[in-house]
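In structure tokens below, several structures.
Paired with chain B in one complex and with chain C in the other, chain A is shared by the two complexes that follow.
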Partner chain A sequence: MKDDFLNRTFRHWSMWPCLAFLLVLSVYPVLQLVPMALSTIQITAEGTFWTYSPRRNLDLLLGDEVLRDAIVNTLVFVVLSVAIEMVLGFFAALFIACMPRGRNFARTVMILPILLPAVAIGSMWKLLFNYDFGLFNQMVGLIGLNPINWLGDTRWALLSIVIVDVWHWTPFVFLILFASIETLPQDVLEAGRVDGATAWQMISLIILPLLGPALAVAALFRAIVAFKAFDQVYLLTSGGPGTSTELLSLHLNRVFFEQNQLGYGAMLSLSIIGVIVATLAVGKWSATQIERKRTGR
Partner chain B sequence: MIPLHGRAAWIGYSVVALAILFIVGPTAWIFLNSIKYQIAIYSGAWVFEPTLDNYIEVLFSRRSDLVHNLWNSFVVACLSTVAVLIVGSLGAYGIHRWFRSRLFAKLLMGWVLIFHMIPVITLVGPWYLFFQSLGLYNTLLALVLTHITINLPMTMWIMLTYFNEVPSELREAATIDGCGDFTTFRRIILPLVGPGLVSSGILSFVFSWNEFAIALNLTARDTATVPVAIARFAQQFEILHAQMAASSMIAIAPALLLMIFGQRFIVRGLTTGAVK
Partner chain C sequence: MKFQFATAFAAASALAFAAAGPAAAQTPFADVGKHPEISILINSSPWFGGFEKVVDLYEKQTGNKVKLDVTPYGGVLEKARNAVRAANSPYDLVNLDTPWTIEFYEGNFLRPLTEIDPGFALPAEVLTYEDSNYWNAQRRWRTRDGGQLMGYSPNGNVHVLYYRADLLQQAGMQPPKTWADVAAICKKFYAPPGMYGFVARGEKGNPIRSDWTSLMQGAGASVVRAPQNGDYTVTINSPEAKVALDQFISLQKECAPPNAGVMGQGDVIQLLATGRAVQGLAVIAAWSTFDDRQKSAVVGKINTAMVPGFPGREPGVAIGNWVFAVPKNVPAERQRAALAFSRWFLTAGAQRAYAEGGGIPVRSDIFASELASKPEFRWMRTYIDSQKYARQELGFAEGVQVEAVLGLRLNQALIGEMSTARALNTAAREIEEIFQRSGRRTGKLGALPE
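Let's turn to the complex of A and B:
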């Protein structure tokens, strides 16, 4: 009898749990950002006090000089790391796919960094980048150069962060490209070879065009996650030295939880969410335009 | 792909070996440091006397709370994984079955995509106020609830692709034989999407175990998870390098185990949706 009741009503309640979570813990907090952004919020022992002060938060936003650095750093970080990861990931996938044996072993090893806690990666690379005995300076010493202050030098810090990200996420690009290289049509590749295409022609005229969609998806996924990067940078440099590795998410965390500016933090969050939604909308629109042009409709 | 032969194969093998070295090398170096005495780390020695002291110190010394942190992480990861599997597969099945082309489903999945792209820090502020007002701040329950929410998009995507692969004839046959909606879902559909459940379960567990930004701001000392403990440790005792290496190795142990035993499911989960 009980089962009968579940059966009759299943179509009505199957969505409830997931709707409840999304509404209460994702839609509501985003909406909650609006009143927060218009107020100054003080948390004291007696309770939480909200004061209506939209101008103050807007002034903070426009006068935030660190924010400018954070935006530039985030853009440089995202573009640089995604570009390097795409190139390395593509060649790794290509070479491993061409190996007569050992492909499974190589793939197992390559997924390692994706699964590690980013915080542990941060503390591991703190040791690897150590000025006195880190692996990197040991290698720099081997080729006879002076040790580099990887994380403490404003010229190197952002690049060091990029190196860590490349180590962390190139395997992800590799996985996606490897999966689609394995499903490339064999006859097309054979035809290319029979017609005497050189290795470079095979790559640029046959493989890359066929991989187009997979490349786009990998780059998009990577850009999203790179944009959100927080954990390992928090541990490695916390945005320093100066503001040379201050990323948007680090800045946001600082405003929210170190300066305790919940109001201004909310204003900043809303701006970031607005930019993301706008980017998504433009991306979707241009994708349909390209699709339309391609199919000739 | 076309297998390489002769000299090309050797060049290929060495490139692949280099790539694997680049991935494994840093981890192996950290492992070596975790079983060295501090003095051997400073001298950069490659030949040294191995020791387990660092692990013992990190786990059982009086100022360390790591065993407790491990327990917190384990509880949060297990509870949130089980819950997200139930919530996510029910929701994905609902969309797959009854709402596939409705505006409601498009809005829902659109929101899920936006939610997935927003840096999680933007929501930690409101979450903080929300859980504070409910009296749930600094409880494991708050962490479980937020981890369910952040892993929900991925779980729903993976489960949707698996539900779409089940031939609808099976479902229709079950209906004709007198199976109700819920019985069909539980007895026919769920067993068929088992691999999808395993994939999303493993990934949810790993992502919950690894999650840092939320745990950093919603927990205090007695509810801190492993990543928070590692971060505190690395910042407070910056010079205890051997112990930092040991605690990193402990934190990555579950990921290593899952990589070895579940790699097929992990690869499937990570590439689902991307390849299609």
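Let's turn to the complex of A and C:
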């Protein structure tokens, strides 16, 4: 009788450790942000002193001019970098999957950028973007154009950051899609070929629909990570010049850690979580609508 | 400040005279006895090499052990915060950049040195950089007047102007004394990308705020009217501040690389060390790079001058020093060990070794010694002369927030996103709001015409 009860309820109580883990390490810290966001917090050797001041933090949030720039920059950065990475990652995966030999070698080379520490990437790209002797401006000079102020010009700085992110994270998209392409049902692909589908028809009508779930996973992961991009931008431009590369994560770091404004920092964190969730929800809703339209369901 | 400096310098000079002769080379070290190992949180700045050497000497002389946690600038503040907020600090000495000190002083996280040993006093020769190591809790101000001795400076960075002595000599030009001289020298040598006329940090945040501060002070401007007296009227949008900002931007536009808006300390030092800049504004700690054959292509060719001034005004020299302090949450025995190290480090002998190792000593008598006349220490004269004009800025609790505002608006003016007047007016409004939120007595000047 007792064994029977344990067996019946196993699926519930076996989740408890995981649930406890989630509550302690994820839910509680996020919930803790709420009272923080409504307070001014001062930490001293005698203790931590909380003063209830929701209006103050809200006023700071609404009057934060840098935050507005950071939101726009972050959205542009996420959309641009993830879109380019998805396209490049897909074609790289497709190309390498079609290689008759050397696929393992090519895959290993492709994932090298993910393995590099962010500090090394920052230093490397800072040299590549160097105005006077950087590789890019040498190449630009070879074709007779004036050097480009990659990191120091507000028109180029964000794009330069996107280029670095694309270089760094396209391999991640490649890895996910490459694994999926390798497991595509060969009979479906073969049927397409027998029916005389062109390369473009094979890609657009067979491969891409079959890769739908993998593409969604890759895009979702990349979007989440891109929203939190910090290290490379911090190392390359620190959010400058002006606010041209100021991302939400950098601004949050400035408020929370450099300026030690814990209450306002918490309110900012909650707002950023809201922006990310809203953006991802809109993305998911759009994807669902497109899928419905495509399948007619 | 000037009186304190003059007194310290006179005392040091007298001591140096008294000690003149062969015996002067054998300057004394303190016998501090045996102590447990201490741990120091220190930044990996250009002057760290000199500090490391002097720590080695301490270990050899005393047998006491010192563990160094060498951390890049960006990580020091959080490590220090975490250390002092924990039950027990892993560090017995923490090195704090001056703008951070108020958070630690006000938070009561540090043990005043005279509480560890009531008999402890800084030697008269030790420079205190406008009392940045004292804290008067009632006045919420860093001053020895009614303040407690919270620490001491292991590095007293001030700005100096680096210039290529060889090139100026060949051209028959004198070292620059005014910003107009800097512009004239720039005009003579500016030939990009091989040679830039003048370089300074333009990166947003602390870099541009810090480098521009010397010009601002030299133009007779200030961020706040009289914070030491509780008057937090914002004066950053004064005509004098605009003159300083116009001058800074004009030099950056006409003499510096096009990416001046993102240039940090590493870039400025690199341009000078590779011989691609004829003049540059940088902290004195950068000096060790220029005469190091491993790092410099201009060994023996660079010299220093005091930060140039504006006509008819005294030069402005911004201080950017560090403060060594002992956390409260360290066992008493280790607090005494940290103080023993400090006592030894501040002796004339240790400070001389520090200078010889590439550090910037903090005792005025070292600058009055025969070391200053050696070619490799040719920067010492400039440094000690600069002390007469050296001033702290942003010495209040809101300093870090004010710096964030200024660092952004100055950078936006530099890259052309705003006019200089608009940048200063915007900064003034935002800084006034910061003070209003803190409940300070504040206000601001009338807006500059935009």
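Here is the rule we use: the second predicted complex is superposed on the first by the 234 of 297 C-alpha atoms of A that agree within 3 Å, B and C clash if a C-alpha of one lies under 4 Å from a C-alpha of the other, contacts with A are read in each partner's own complex, and residues count from 1 in each chain.
In this section, contacts are C-beta pairs under 8 Å (C-beta built on N, C-alpha and C of every residue); 3 or more make two chains touch, one makes a residue touch a chain.
In this text the structure is predicted, and so the values were computed from the model without any measurement.
After overlaying the two complexes on the shared chain, residue contacts for A:Val217 are found with chain B alone; chain C is out of touch. When both complexes are overlaid on chain A, the residue A:Pro17 reaches chain B alone and has no touch with chain C. Touch criterion met: A:Leu33 reaches chain B, while chain C stays clear of it.
Considering which of chain B and chain C touches more of chain A, the answer is B.
Of the two partner chains, chain C is the only one that A:Thr243 touches; chain B does not reach it. In the superposed model, A:Asp132 lies in contact with both chain B and chain C.
Once the two complexes are overlaid on the shared chain, A:Phe257 sits against chain B and chain C alike. Overlaid on A, the two complexes show chain B and chain C touching the same residues of chain A, namely 43, 132-133, 234, 257.
The touching residues of chain A, when paired with chain C in their complex, are 42-46, 56, 63, 66, 131-133, 147, 149, 151-154, 157, 234, 237-243, 254, 257-261.
Those residues of chain B that touch chain A in the complex are listed here as 1-4, 9, 12-13, 15-16, 19-20, 22-27, 29-30, 33, 41-44, 86-88, 90-95, 97-99, 108, 111-130, 132-133, 145-146, 148-149, 152, 156, 180-183, 185, 206, 209-210, 212-213, 216-217, 226-228, 230-231, 233-235, 241, 244-245, 247-248, 251-252, 255-256, 258-260, 263, 266-267, 270-271, 274-275. Touching chain B in their complex are the following residues of chain A: 3-4, 6-8, 10-11, 14-15, 17-19, 21-22, 25-30, 32-33, 36, 41, 43, 48, 88, 91-92, 94-100, 102, 106-120, 122-128, 130, 132-133, 135, 138, 167, 171-172, 175-176, 179-184, 189-190, 193, 214, 217-218, 221, 224, 227-228, 230-231, 234-235, 248-249, 252-253, 256-257, 262, 265-266, 269, 272-273, 276-277, 280.
Chain C contributes residues 74, 77-78, 81, 84-85, 103, 106-109, 192-193, 203-205, 257-264, 276, 328-329, 400-401, 404, 408, 411-412, 414-415, 417, 433, 437 to its touches with chain A in the complex.
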